[in-house]
Amino acid sequence: MLQVTGLAAVRGDRRLFAGLDFLLQRGELLYVRGPNGSGKTTLLRMLCGLVAPEAGEIRWQGEAIRGRCERYLQQLFYLGHLGALKDELTAIENLRISASLSGREVSEAQALQALHGMELRACEDLPVKVLSQGQKRRVALVRLLLSDAALWILDEPFTALDQLAIDRLQAVMAEHLMRGGIVVLTTHQEVAITAAVMQVTLGIRRA
Amino acid sequence: MFAVFRCLFIRDLLLAVRRLADVLTTLFFFVIVVSLFPLGVGPEAETLRTIAPGVVWVAALLASMLALGHLFDSDFRDGTLEQMLLTPQPLSLLVLGKVMAHWVVTGLPLVLVAPLLGLQFDMAPSALPILVVSLLLGTPAISLIGAVGAALTLGVRGGSVLVSLLVLPLYIPVLIFGAGAVEAGISGLGAGAHLSLLGAILVLALCFAPVAAATALRISLE
Amino acid sequence: MVFGMAFAGINWFKYASPASFYPLAGRMVPWFAALAVVLALAGLYIGLFVAPTDYKQGEAYRIMFIHVPAAWMSMFIYIVMAIYAALGLIFNTRLSAMMASALAPTGALFTFLALWTGALWGKPMWGAWWVWDARLTTELILLFLYIGFMSLEAAIDDPRRASRASALVAIVGVVNVPIIYFSVQWWNTLHQGASISFSSAPSMAATMLTAMLVMSLSLWMYTIAVVLMRVRCIILERERHSDWVAELMMEAR
């Protein structure tokens, strides 16, 4: 479970948010809302441990994540704005290498099957730079599917996806939550998940 | 852990092979800079022979330094660097893998071409092996030290000029012992002491530079 | 700087916050400035009038009374700067990072001064405006290290990343300075046979040493005064969104 207490963030000179508290149990989804520039991406990156908070603490299974907790990182998957795909490598190469770097083995057959599952056929052997934006996002999502992380932190994962892919992703998220995973999500679209959904809205000034 | 190092090393080599232009420009820069000196100084054989070790070494430093722009930039821009910070593997190991691949692609060619340039300057043939060994020890150290500078200036405007300002003072000991080794060899004093010191610097760089570069990467990606 | 004051019973950690350090620094500045002036006058008097004429170098050697203290201070300041930088990086204290940034320009100034006075000394002494002696060359490299620190900090927009990145540069620099010095020494002895060296300068008469020490102390006091003034500016700039600064601006109207 993910617990956040008294979290505060400062970016440059701006105070983005302060006094943020929430607790996420297994099977729960956190939907982070707010206008552009309200600190959604900063919050997500803080949850990954990339940015140190100005104040407050983040705990995973009761243990503070500060100081690069390896156990936490093993169970974490972060999908940021950038797709984290190398343009000169093919989709299959990208998937296998990124799995290796996380310490897992993914065979070519597994990668191929996962790509087909996302409706990506006949482009597995092409360098990623020739794929369309939507196709690149789908490859990034396949990376997500091939990981066995318990905690998913997704920053605008529906960007550039067509309706079919959006539905697929929502189904995948629902499945993950049913299996006891946790999802933290920001998006400008309405999320159709029936599991326990918590909302945090940033960018509101408390009176 | 070694598997991850090897995976990243091979990945970077693969990427370099698919973007060969980046690799070759470093080598051509090296050759061009070395060729500028006779044009500036005059073609007298005696002068050229005297300045040869220093010239080849300074050109190698500058070429290596220019190549630093390719080390982290592309990974930074497409988000793979961020993902590397999120793996459970020690970041310094990943940095070491990247820097070693970078050296194979940018530093090693310099080492191999240097004897030809030495001949262009009419260097004594006995000095050429010493030149090669000194560069073989020195260029990895330069790549390692340079990695710290490259990591600090990620995404900063004017980054490449800034890297040179940060990193060239730190290269000075490598330059002194590297060029000194060749000169000592030529003058018959024996290059042993210089080469041992170069080796010592390389060992220190191997131990500390990846850690410093990893810290710098975390600072840059905050 | 705070270490030099051995007052007991005052809670020094209170002053680790920029808000409380700001007024304290303001009160300390005039004292250190006065000390600097007094010591400078004393040092210059001893150096220019009391110390004897050197039998080898005549009157020209007296520039040493500025050159040597400036060189000592340039190295001392770099070390203090690196210490503050390390403290700021490890403990995440904002004031340490501000002190490091405040120290850099003064350190660079002294390095620059040492180089120029070195040249002015070199001309009458050795007939050349610049000699590639080990210490002068290391001073030059130290100037590059200072400029690198300041350039990196200026080039990065995000203030937190800027101070952390330049802190790492300072730490890496301070670790490398001995290595650089040793290698330049080696290079120098191999090429010139150590005949020309600022360290083999006139054997010191006691008054000469006194003058140099007094001048060094004066430069140290000057450094403290100027750095405290500068850090006050930096504090105001970096903390400008906090309440106490807003109040201060109100009062100033």
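All chains are identified by letter, namely A, B and C, in their written order; residue positions are counted from 1 within each chain.
As a convention for this text, contacts are C-beta pairs under 8 Å (C-beta built on N, C-alpha and C of every residue); 3 or more make two chains touch, one makes a residue touch a chain.
Quantities reported herein were computed from a predicted structural model and do not represent experimental measurements.
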(message) So with touch defined the way it is at the top, what topology do the chains form here? Options are line, ring, star, complete, other.
(response) complete
(message) Measuring between Cα centroids, what's the chain most distant from subunit A?
(response) C
(request) Would you mind checking which chain's mean C-alpha position lies nearest the centre of all protein C-alpha atoms? (result) B
(request) List the centre-to-centre spacing of subunit A and subunit C in whole Å, with centres computed as mean CA coordinates. (result) 48
(message) Centroid from C-alpha atoms only, then distance subunit A to subunit B, rounded to Å. What do you get?
(response) 37
(request) State, to the nearest whole Å, the distance from the C-alpha centre of subunit B to the C-alpha centre of subunit C. (result) 32
(request) For subunit B, jot down the residues that touch at least 2 other chains. (result) 222
(request) Specify, in ascending order, the residues of subunit C that touch 2 or more different other chains. (result) 158, 160
(request) List, in ascending order, every residue of subunit A touching at least 2 other chains. (result) 52
(message) Looking at the complex, which residues from subunit A come into contact with subunit B?
(response) 48-52, 70-71, 73-74, 76, 78, 80-89, 93, 97-98, 100-103, 127
(message) Show me the residue ranges of subunit C that touch subunit A in the complex, using the header's touch definition.
(response) 92, 157-160, 240-241
(request) Please name which positions on subunit B make contact with subunit A in the complex. (result) 3-4, 7-8, 11, 14-15, 18-19, 74, 77-80, 82-89, 94, 221-222
(request) Can you check the complex and tell me which residues of subunit C touch subunit B? (result) 141, 144-145, 147-148, 151-152, 155-156, 158, 160-161, 164-165, 168-169, 172-173, 176, 179-180, 182-184, 186-187, 190
(message) Quick check: in the complex, which residue numbers of subunit B touch subunit C?
(response) 148, 152-153, 156-159, 162, 165-166, 168-170, 172-173, 176-177, 180, 184, 197, 201, 212, 215-216, 219-220, 222
